[in-house]
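Order of writing sets the chain letters: A, B, C, D, E and F. Residues in each chain are counted from 1.
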Amino acid sequence: MLKALEKAGILVEALPYIKKFSGKTVVIKYGGAAMVNDQLKEAVIMDVILMKLVGIHPVVVHGGGPEINGMLDRLGLKSHFIQGLRVTDESTMEVVEMVLAGKVNKEIVALIQRFGGKAVGLCGKDGGLIQAKKRFELVKNEGGARVPTDIGFVGDVVKIEPGLVRELADRGYIPVIAPIGVGEKGESYNINADTAAGELAQALKADKLVLLTDVEGILRDRKDPSSLISSLRIDDVPALVEEGVISGGMIPKVACCVEALQGGVGQTHIIDGRLPHSLLLEVFTDKGIGTMVLK
Amino acid sequence: MLKALEKAGILVEALPYIKKFSGKTVVIKYGGAAMVNDQLKEAVIMDVILMKLVGIHPVVVHGGGPEINGMLDRLGLKSHFIQGLRVTDESTMEVVEMVLAGKVNKEIVALIQRFGGKAVGLCGKDGGLIQAKKRFELVKNEGGARVPTDIGFVGDVVKIEPGLVRELADRGYIPVIAPIGVGEKGESYNINADTAAGELAQALKADKLVLLTDVEGILRDRKDPSSLISSLRIDDVPALVEEGVISGGMIPKVACCVEALQGGVGQTHIIDGRLPHSLLLEVFTDKGIGTMVLK
Amino acid sequence: MLKALEKAGILVEALPYIKKFSGKTVVIKYGGAAMVNDQLKEAVIMDVILMKLVGIHPVVVHGGGPEINGMLDRLGLKSHFIQGLRVTDESTMEVVEMVLAGKVNKEIVALIQRFGGKAVGLCGKDGGLIQAKKRFELVKNEGGARVPTDIGFVGDVVKIEPGLVRELADRGYIPVIAPIGVGEKGESYNINADTAAGELAQALKADKLVLLTDVEGILRDRKDPSSLISSLRIDDVPALVEEGVISGGMIPKVACCVEALQGGVGQTHIIDGRLPHSLLLEVFTDKGIGTMVLK
Amino acid sequence: MLKALEKAGILVEALPYIKKFSGKTVVIKYGGAAMVNDQLKEAVIMDVILMKLVGIHPVVVHGGGPEINGMLDRLGLKSHFIQGLRVTDESTMEVVEMVLAGKVNKEIVALIQRFGGKAVGLCGKDGGLIQAKKRFELVKNEGGARVPTDIGFVGDVVKIEPGLVRELADRGYIPVIAPIGVGEKGESYNINADTAAGELAQALKADKLVLLTDVEGILRDRKDPSSLISSLRIDDVPALVEEGVISGGMIPKVACCVEALQGGVGQTHIIDGRLPHSLLLEVFTDKGIGTMVLK
Amino acid sequence: MLKALEKAGILVEALPYIKKFSGKTVVIKYGGAAMVNDQLKEAVIMDVILMKLVGIHPVVVHGGGPEINGMLDRLGLKSHFIQGLRVTDESTMEVVEMVLAGKVNKEIVALIQRFGGKAVGLCGKDGGLIQAKKRFELVKNEGGARVPTDIGFVGDVVKIEPGLVRELADRGYIPVIAPIGVGEKGESYNINADTAAGELAQALKADKLVLLTDVEGILRDRKDPSSLISSLRIDDVPALVEEGVISGGMIPKVACCVEALQGGVGQTHIIDGRLPHSLLLEVFTDKGIGTMVLK
Amino acid sequence: MLKALEKAGILVEALPYIKKFSGKTVVIKYGGAAMVNDQLKEAVIMDVILMKLVGIHPVVVHGGGPEINGMLDRLGLKSHFIQGLRVTDESTMEVVEMVLAGKVNKEIVALIQRFGGKAVGLCGKDGGLIQAKKRFELVKNEGGARVPTDIGFVGDVVKIEPGLVRELADRGYIPVIAPIGVGEKGESYNINADTAAGELAQALKADKLVLLTDVEGILRDRKDPSSLISSLRIDDVPALVEEGVISGGMIPKVACCVEALQGGVGQTHIIDGRLPHSLLLEVFTDKGIGTMVLK
């Protein structure tokens, strides 16, 4: 009978979180290991469906996982580089869009539907959702000066038109979004998925932005999982970067959180997608999980 | 980390039940030990609030517990009997109503509000909710014939007017109902709480009627808790009564379930209110609890 | 035929008042003789129903009448005094609540229902309607200093949560409210009914607050009913208190009106509940009745 | 004080009628003396506004009074007769329409607006309200046979399109209707106002049709007002016609009532428009007034 | 096949205009030749219906055409003049109102209905639409001073109550309005139709005000239609008046446009009603037509 | 000025069709030349946007054009055949889905958005829109018997879930649908686009199904465009097939129309997509275009 009591206890523990987030929007950047491993994939889907069922509005923004590279390989498309920066030429962009919006996106949708949720797959073209323009990276030229350089169809977000996402969410659907932006002439741009999630969270005035990653969160000592920093504030970031605690691939993720917070998002989280149901644990339990970045 | 995974598993296990009962009405007869013990009381309240939060419409019908007798004693009101049947005279009825509608009912309401739910306490007079008339019990007279006998202000339900309960439930409130009926002239009647819950469940076209009792459910061998009959059908009832498996105080409870099922209620449950969170376990877990009576 | 014409004239006279108050809220403090005498009781109920029918939203806040003392006597509960101030101990509060919320309140509800209206009986616990805290009266100690003194479960209003009352009123119900407040831990407090009515009128942004009393209104000469002051302004009050025209039990009633007016209530009225249909006459006729206090 | 009590009594007497007719539609044929005398006119307007204010939906269909003939005279238009039947030629019809829809109709509207109501004046052309076709009267020819004869722009109702009237009534307006019908080519037809009122009452599924006339109602002895038949059933009509009790101009009025009743109208009334506020007295008092014809 | 392509091209050309004006209000002053010639009349009606069908809200304000003078003549009513200004005495006003509101207005309504639209005819009395007061013209007295002079029932707009027009437009009707104003005592006033249209356009926050006239628009050289000024700004007006380009009857029309623009109307147009479908061409084609006056 | 009049005439000619189809659903199968030629593509998009603007609900179902084969070639995927029937293996299906749902679909969406419409691209997985199962073609085996044969991921429609399409259409979006079906386990199936359009039209209770093809319609003499059969009934079909007038690729198209008509669609059309704006001409002009098949 103890087991039963524990069950009940866990359900009751979720109560204040359900109450707190009821009717609120949570934007989830879905990527990394959790998109590859079947068991993890299913766990994420179940978590998202459960959130929807208890009255939260989850919005999923996904990356492309290894599938894009696989397809580029099969087509024999080789990447071209400018000063070490990969260039997304038109053929590559075509493949990126097809894989993201036509395969990965629709697979996630089908999985949600199969487990009892209602989902709609969108890209940035649908309803003018993600309006973008070409990004110019600053690249050192021969003279050593950093000049804006065309790296192809990689885009910066110009405007988010969140109406369609809101309407779908309000009518019981889970919007699943491929981070393809659309330019003025209808051309496609590849948008970084973290960035797209962050911008969308701002436009939707989301209460939470959750980035599913392949690390435990921010560790004070990268080799020691027990050194996890479970919560930090925007003001703490510069010092942590200085000290090298936030470094490498974690820098853009933290930057994305900071920008989202400054744009009005309530809380941001960098959590470990390799742990099954990390999303659920983050949202519905007392302890939370990973690193929370707050204003 | 195992602990976390288990937590998630239990939340995910609840998913199909949340989906199944979302927007549905569950009428709960709240009585017995679960109204006396503070810890049990709190557990029932938490269960009801959680049900409401995830989109179910719980409706609570409560008994009076030991408080009525306590107040009758303090007032020196002694019960009068006719052929062994207790008579509810006007003074007694006055006390019953005050204690039920003015004390027990409002205490439950205050408890729900305190733990974060929204509740409204009603009796059968509010919005004409429970319309009743005097019940005449068949009592053997001196000649041995069973004649209808006036046993005072004990009532039979004439009509349920469920509008108010529905409106409150739809607007986010948990209706808490004292089983006081109202007669044509505005007089009060004491209604059996199980009966009131069953009638209300029918009028609301509830999906579930749950009776919180002080037994494990229906036991094949009353001394052996492991002999619990976890599910039975209406058709099985006569034989079980014949065999004495259903006997004593369990007979009216089962009768109440049968009537509710025949009146259109989806499922009925006799569960053990002495077990903390038995309500939650019944609704949100795979195993269920107690005895389910089905059509 | 003259009779008929007069009838019509009276109905037509009501026309501008119906127009003026259509959709507006009128809070009525119901107490005194009008709660004791059966004919007066019925007249008040009819008046309230008529107001509702023509599109006004009446909200009734009632006192306890002599019933509380009757029950306290029957239970042999004797009042305890501190420096002449009656103390409401826990046993007394229990009785006050039961009688107010479980008996008087539900009787009024049953009467409205019986005469064709729709009513719901509430106390301050329902929907967190009247949130209160312990009141400390300033009492002279032995040294003659006035110190805050615990007089038991007598409360001051901390906050009114008017949502439930509005929702019920909008859906065609007449809310009937027992002035029991609820503390942070769910404990009950006895609230002065005039005060509760005044606070509720403010929270509901009521257009009218009407206090049914056992006097004609404010009389310049207490022995001469013809000296009725039919209208006065807040600014006139201090002088009238000075002169002794407003004195005794009239002081808190006028204070209640003044506070309500300062809190945004349109008009306040002190009228004679001993006169049948005084409420109706106040609202629907040219002459009004009793004393109106205006800003 | 007695006066006040009487006032209240009359208001309370209206209560069940307000309740009964709340949200119901009452079609009023407004004509005769009540359209000529200024005091009577004002009384009718007040009655209609009061009905609207208490939640009834009055719809006014008016006749033309003496104004049409006045204008025909001023224009020197002389009526042309066929076998004693007046013919409405095109010039006459033009005047009828202008006076009815452009003068009488708008005057009533302006009066309602001036006394605080909201009104919209319509004729049968607005929203296709009254669709009509030419009526052919059966007229004896030289040979004595009754043949259908063209009497000009007099019309029979082909179809009522009640949508516009309902929409206006639901939004708080009192529709005021001139009985001008519209033919397939947009041509105008003069429709008998009683007939138009009766047809409209059927199309609107009205609860009451009230014909304001210049007699007390149906009198058993035309010379004795005390011989008023206050209520009769459809089945009684043939005998009363036979006996001559219903005769002359009363025959088409009663026929109009009978047809309305058969078309689903709840009650029909022939009342005395010469009595001020007869409409109000009919609707809101116990005694009613005039003759009620029931199914 | 070329023909078909052209057809399609014209429909496609209308696309941006449909999009631009969808849900917007266009007030049309309907007068002059377009009210006399049957073919022009029909073309205007078709244009208005088409506008409604594609989601625009046209509101028609009409003049009286030659019909008023015709009726005045038939009645032998001769105009009385004060210093050259025609006086609208009570008899004249009666005729004006009957003809405008009872004949011209309802004919337009019938025509719209006949061609498949839904229309309601209103005058300024309906719903208190156009509230007016007597206008006093400044007239030179014998001493040569300009003194305010009573010229009878000619009115200035005091207030527009646009609620009824909006409600009808929202429910699919085309409001057709006779420019009769109503005074405080319910008396009628003749309002200049251009002025009424302009005031209504302001009160409705219309996007367009279109005046149908009997000229091509504003011509730089009145004898040369090719000298049409297709667009001008408020600031250009004084100079054009100075130069005599805007003169005579065009002055009040331009003044009406200027006032409407200053009152918040988006665009105003003076177009040639003698050209069939000029309204349609103005709204739905690239070239527009007539003279547009802009802020 | 003649030109202007013609313009107006064409707009007015569209009026009855706008009226007729306002609020109705038109399903368009978009394929063939109209998907390849840029000018035709743009014309179709403009037509669809215009339909939406005037209140019609167009729903676009598209084919894949030559793009699928292009991508298959680039990937070196060769088709495998069974008895002459092409087999869609898993790799091929993956490409079909990516190209249809990720490239062609989103390009159409982007085009609609760019020209001012609002569009959402869906495939059969979104909201469970097209539920399918594997199709088994009857193929002659060696013994000559026709046996059901697995031809890979080609599907038959099991169920259409039209909710999402309706919700989007009601909220102003043009749904653009790639004919990918989803199986019970979330697997993808290639569905014939004509069939998908026909099934969707039935599920949506569409008023029109329009198939854009690369022929003029059904020609009695295939070499003579003037022999176009502009309208035929279901009953005429068998004889026309017998005579060879309906033959080859036209047979499944006509079958699709017949099935749609039997499933409740109002009208079906086979029109020439090679003609610019054929869609517009079919819907908004008197002559229609291509062949209409009616019940």
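Criterion: a contact is a pair of C-beta atoms (placed from the backbone, for glycine too) under 8 Å apart; a residue touches a chain by one contact, two chains touch by 3 or more.
Given the structure is predicted, the values throughout are model-derived calculations rather than measurements.
**Q** Greatest Cα-centroid separation from subunit D: which chain?
**A** A
**Q** So what's the Cα centroid distance for subunit C and subunit D, whole Å?
**A** For subunit C versus subunit D, the centre distance works out to 47 Å.
**Q** What is the distance, in whole Å, between the centres of subunit C and subunit F, each centre taken as the mean of its C-alpha atoms?
**A** 71
**Q** Taking each chain's centre as its mean C-alpha position, how far apart are subunit D and subunit E in Å?
**A** Taking the average C-alpha coordinate of subunit D and of subunit E, the gap between them is 36 Å.
**Q** Report, in whole Å, the distance between the mean C-alpha point of subunit A and the mean C-alpha point of subunit E.
**A** The mean C-alpha positions of subunit A and subunit E differ by 58 Å.
**Q** Taking each residue of subunit F in turn, which ones touch at least two of the other chains?
**A** Residue numbers touching two or more other chains: none in subunit F.
**Q** What topology does the chain contact graph adopt: line, ring, star, complete, or other?
**A** Graph shape here is a ring: one loop, exactly two partners per chain.
**Q** Put in order round the ring, from subunit A and then through subunit F, what are the chains?
**A** The cyclic sequence of chains is A, F, E, D, C, B, beginning at subunit A and stepping to subunit F.
**Q** What part of subunit D is in contact with subunit E in the complex they form?
**A** On the subunit D side, the touching residues are 71, 74-75, 94, 97-103, 105-107, 109-111, 113-114, 118-123, 125-128, 164, 167, 171, 173, 180, 182, 184-186, 188.
**Q** What residues on subunit F touch subunit E, complex-wise?
**A** Within the complex, subunit F contacts subunit E at residues 1, 4-16, 18-19, 22, 43, 46-47, 49-50, 53-55, 116, 275-277, 280-281, 284-285, 287, 289.
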